[in-house]
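Shared chain: chain A. Partners: chain B in the first complex, chain C in the second.
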Partner chain A sequence: MADDKDVLRDVWFGRIPACFTLSPEETTEREAEPYYLLLPRVSYLTLVTDKVKKHFLRVMKAEDVEEMWLEYEGTPLKWHYPIGVLFDLHASNTALPWNVTVHFKNFPEDDLLHCASNSVIEAHFMSCIKEADALKHKGQVINDMQKKDHKQLWMGLQNDKFDQFWAMNRKLMEYPTEEGGFRYIPFRIYQTMSDRPFIQKLFRPVSPEGHTLTLGDLLKELFPAAICAEGGWHQR
Partner chain B sequence: MFLMTATSLCSSNVYMSDSRRFKSYNKMAGERNPASCYLDERTFQLCCQLFLQHSETIQDGWSWEQIKGTDEGFMKKTVLMPVKPSVLHKQHEYSIQDENMVTDDIQANVEDETAGVQAVCEIHAVLRYEYHVLYSCSYQIPVLYFRASTLDGRPLSLEEVWSNVHPNYRQRLQQGPWDTLTQQEHPLLGQPFFMLHPCRTEEFMKPALDLAQAENKRMNYIVTWLSVVGPVLRLDVPLSYSTEVSAPD
Partner chain C sequence: MSDNAESPTETQKDDPSIQHAATEQTGASDEKKKIDVLLKAVGDAPIMKTKKWSVERGRTVQSLAQFISRFLKLEASEQLFIYVNQSFAPSPDQEVGVLFECFGSDGKLVLHYCKSQAWG
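After this line comes the complex of A and B, so read on.
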């Protein structure tokens, strides 16, 4: 795990430059300048866009303001997906900055979850962590942690504190090789070309014959369309 | 009648004491058949098939939705439900100052019937509830998803859904609203639904499973599970399911 620290840091500190523009459908008292922001890949939109909201609220009347929601080229952005996933899913082949449109009315009830407060984001995040641990360790590691440990995990994410986060997360990433490592690998393959938002199946890290399996093995078994006939990679 | 010898269905309550953890481990290790600790997907589908056969017989309205090109699917049922107009509030009162948890609102709405009532002329409003029974491979148990809307298609808010939870269950669920009834993305359809969180399922199920096992009876897991969690969300599961539906072989 110590050798991977550089990789862990690179993943954590990954950023996406974004440009937020108010939707022309919104009623404003005066013109609003676009707002630029570097978005952390590992975080969630509703957690990091308070400044965006405040910026645009300045030009709007309170009565015209409902729950803020974001959209990219007509597609409502699902705040409950990590930002990096959203970008890779919708805009990875386009030029930076990522141009996101801001809305304050006509919330798309059929597409987006509501996000009334940070507690909702925290609950969602912790629920994902718990589900992942259910797959890795039958939930034993997360259940053995105290409430303050869970809080530290969340605060680490919320406040962008790598060390604070990983002090706790390393317990969840413990891979006891003598016990076969993780029971199952927690993974999701997100896709845009289907109603089904992602593929998530049970997958053991070790084959019945005892070979350690790779990401390639996983894709071959569960999502062969991702791998080109020539043996190269087609990423989505 | 119907039994599945199951023990802890998923990761138990997060802050268990040491003694309880020890007890669970022992249960899984020796006292019960390890193969039936959880509900595997095949058994889930078999239980559903038997459930659906009976639904067909009594015209209870359940159907199976198969995911095209896969061996996965879920059970679904739509219900029209008359409710008191007080269940419905002004549409999603979002305030830019309000960053508090919704529990305060729930309490107020339960107590004061006239607060924020939509101008509804009928004596009863009619809501459309759509229930989905899915299988969770992460927790290896079934999960109940649902969505609710007015007849003109307006989706209900979490607060309104709470108001419609059976009063007998409201207090218990209210202790951890964010752990039990939450808005979630439907894992197969990708749309917002509400979900009764699986980690509380064990609390509801344990007494029923213990009793069935003590009486050495084989049980259809889905019948027992849905009979317990359904009424929380005003989903009626007629008694004949318990008498007529068998366990899979």
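After this line comes the complex of A and C, so read on.
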């Protein structure tokens, strides 16, 4: 899998064109122009929107500015979800650019986590990596890596450096050939209309009889509603 | 997050979704609305007198952390860190039911808590 460089690069370099507009509720000293930005699908909103914040702070008084938060059509955007997931979940059927509204007050405490600094994003990202490795390798690979290797993983994401990131991530994507796959597949299924944030369960990539299982097998077992009776795909 | 001064007994009455766990477990785990959580202290964190709790699946890590903080009568300024598998800190909005499904063993989810980052 780590040999499929073209696919890995396409995933890494996926971008979503976005247009950021200041909420009319905000108090400004003069009119705020919208700000356009290409967002990396694999990154996090708070990691890539410093320029957005700087742009709008220029037209605002310091006393009117609290923690910036983003919203799409009334829904606060959870910065701790990858950008690609947020877009696919909320706006994939709408025309580009993705129109995001920027706020600097009335932080929605019940919907969003605070993000005081990049170290908060780093801690969240590393926890996700560790949780995934707990499922893939009982955590053995991530625990055997040194602190500087963890740092390189994070810096690769932060600085959009594919080679730097994958030099470390390839270790996390390997498994013994005799096993045929990871211990469990780390996955999450997000739904637009659901009372729960996502579906996450244990799923072995190889059947008890030794057959390699596919994404379709996973969905059939854990989310059959995604697959029509005719064998097609439901738009969700 | 709102942090009111409450006595421990009050928090139990206010939190019907968190109860002392029964010692015997019967029935398929999928059908049970609650899962068993075992809380273990790390470092200088106070040890809970009751360690085993029955928690509703939909309860979040953050609300469980708030419950533990109130139960231990921690200061509002004191943080609480929760870890799974002594290795990663789940997101505050993560449901304990999902953690139990993926990381539970022997019918319970073991969570370590401490006042400073242990496995950051």
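We adopt the following convention: the second predicted complex is superposed on the first by the 231 of 236 C-alpha atoms of A that agree within 3 Å, B and C clash if a C-alpha of one lies under 4 Å from a C-alpha of the other, contacts with A are read in each partner's own complex, and residues count from 1 in each chain.
In the analysis below, contacts are C-beta pairs under 8 Å (C-beta built on N, C-alpha and C of every residue); 3 or more make two chains touch, one makes a residue touch a chain.
Note that the structure is a prediction, hence the values are computed from the model and not measured.
The superposition on chain A brings chain B into a clash with chain C. In the overlay built on the shared chain, the residue A:200 is in contact with chain B and with chain C.
In the superposed pair of complexes, A:146 makes contact with chain B only, with no contact to chain C.
By the touch criterion stated above, A:51 is placed in contact with neither chain B nor chain C. In the superposition on chain A, A:118 makes contact with chain B only, while chain C stays out of contact range.
In the superposition on chain A, A:134 makes contact with both chain B and chain C. In the superposition on chain A, A:80 contacts both chain B and chain C. Of the two partner chains, chain B is the only one that A:67 touches; chain C does not reach it.
The superposed model shows chain B running into chain C at a single listed stretch; among 76-84, 94-102 or 112-120 it is 76-84. Looking at chain A, you'll find residues 78, 80, 109, 113, 123-124, 127, 130-131, 134-135, 139, 142-143, 196-197, 200-202 touch chain B in one structure and chain C in the other.
For chain A in complex with chain B, the touching residues are 57, 62, 65-67, 78, 80, 107, 109-114, 116-120, 123-124, 127, 130-131, 133-135, 138-140, 142-143, 146-147, 150, 186, 195-198, 200-202. Across the interface of their complex, chain A is touched by residues 1, 58, 84-85, 87-93, 95, 98, 101-103, 120 of chain C.
Chain B contributes residues 10-12, 14-16, 21, 67, 92, 94, 96, 98-102, 137-139, 155, 157-158, 178-179, 182-185, 187-192, 197, 199 to its touches with chain A in the complex.
Those residues of chain A lying in contact with chain C across their complex are 78, 80, 109, 113, 123-124, 126-128, 130-131, 134-135, 139, 142-143, 184, 196-197, 200-202.
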